[in-house]
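Input: a single structure, listed below in structure tokens.
When the chains are written out, they are named A, B, C, D, E and F in that same order, and each has its own residue count from 1.
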Amino acid sequence: MPYVNIRITREGASAEQKARLIRGVTELLQATLGKNPATTVVVIDEVDTDNWGIGGESVTARRKTGK
Amino acid sequence: MPYVNIRITREGASAEQKARLIRGVTELLQATLGKNPATTVVVIDEVDTDNWGIGGESVTARRKTGK
Amino acid sequence: MPYVNIRITREGASAEQKARLIRGVTELLQATLGKNPATTVVVIDEVDTDNWGIGGESVTARRKTGK
Amino acid sequence: MPYVNIRITREGASAEQKARLIRGVTELLQATLGKNPATTVVVIDEVDTDNWGIGGESVTARRKTGK
Amino acid sequence: MPYVNIRITREGASAEQKARLIRGVTELLQATLGKNPATTVVVIDEVDTDNWGIGGESVTARRKTGK
Amino acid sequence: MPYVNIRITREGASAEQKARLIRGVTELLQATLGKNPATTVVVIDEVDTDNWGIGGESVTARRKTGK
């Protein structure tokens, strides 16, 4: 019954990569806490780099300066 | 003053359906807990089916296999 | 398969009131969008009034001044 | 190490405005709580006005009636 | 730089189990998407069973009826 | 009408510090984007250090090793 929200920058993750994330997190919750995979929900949010900040600046700005 | 976040898969909900959701949740919070509708916020997130997983696989994959 | 997060201030909502919220939101999603109640998840977060702000001040402060 | 999620309606915020928000929130957390800017994450979600409700109606509907 | 929020019912997960979840999710994001572990944030929310609903009823109610 | 969620580790933030955060974020949204303070909502979540991970380990573990 867990709910997992994974938030990443939108930088070209493929459907296959996202499917592996979903499968992996679901298995991890079963292995670690015995959670039922059938009712484990995983939601992935892909966020534009203008809208993601770390260290006080956007990821867009960081990419430009090679960070 | 409540904040409600409704997350659903992006599968063609109309503006009218979303308006009914907003109205319905707001009324429910007033009827159940006496919350002031004027300051009740409802935010609906529509999520691509590639990005929503249940049972260890994406909704995209589930739709293909008739689940 | 929807996921609904309801956030309210912690001011004594009873288990019965919360059960009515859960039932009501689940029914609303079925009536409005045809969502399957069996996989609709509702999570209620109760937040201390010191930690909830509106209008630039905490709900604790607002309660003291009769707002 | 804080995580801040700012949710606003999608109404034309520029990259520059969003960069100022990111910088401002990061500085505020340092000034107020001594949080390390290097690991402060800020994520801005812009939400369609059809999907944002207040007072029981969508922001789209409110804009039409001059609210 | 990912942010992961894992929400589970509060039913006695130990600090060791939660540490394994944190490690496992962080490794999965590195293996699947090449994300830097140093800036991957994982936050676990444990929610009272009265406040978690599925199938229109609280987990507290479901536990009583053996679901 | 913005909604801001600030998540920090639970390490003794005072009510006064949290009030300053609420006021500061609300003012920032007005100054940067012209948002109405009266309907700006700020919610602060304080999370146990066992439940917050960065770099693949919990903050509890990091504090013990002087990180």
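Quick note on the criterion: a contact is a pair of C-beta atoms (placed from the backbone, for glycine too) under 8 Å apart; a residue touches a chain by one contact, two chains touch by 3 or more.
Note that the structure is a prediction, hence the values are computed from the model and not measured.
Where the contacts of subunit B and subunit C overlap, which chains show up?
Expected: A, F.
Compare the CA centroid of subunit D with every other chain's and tell me the farthest one.
Here the answer is chain E, farthest from subunit D.
Same or different, please, for the subunit B to subunit D contact, judged on whether over half of the interface numbers appear on both copies.
Different-residue interface.
With respect to inter-chain C-beta contacts, which pair, B-F or E-F, contains the greater number?
E-F
Let me have the rounded angstrom distance from the C-alpha centre of subunit B over to the C-alpha centre of subunit E, please.
21
What's the distance between the Cα centroids of subunit A and subunit E, rounded to whole Å?
14
Of all residues in subunit D, which are in touch with two or more distinct other chains?
1, 3, 7, 21, 25, 39, 41, 43, 52, 54
Provide the full list of chain pairs in touch.
Applying the touch rule to all chain pairs gives A-B, A-C, A-D, A-E, B-C, B-D, B-F, C-E, C-F, D-E, D-F, E-F.
Using the touch definition from the top, list the residues of subunit A that touch subunit D in their complex.
Within the complex, subunit A contacts subunit D at residues 7, 47, 50-58, 60-61.
Which positions of subunit C touch subunit B when the two form their complex?
Listed in rising order, the residues are 1-9, 13, 17, 20-21, 24-25, 28-29, 31-33, 35, 39, 52, 54, 59.
Mind listing the subunit B positions that touch subunit D in their complex?
15, 18-19, 21-23, 25-27, 37-46
In the complex formed with subunit A, which residues of subunit C make contact?
Answer in residue numbers: 1, 3, 39, 41, 43.
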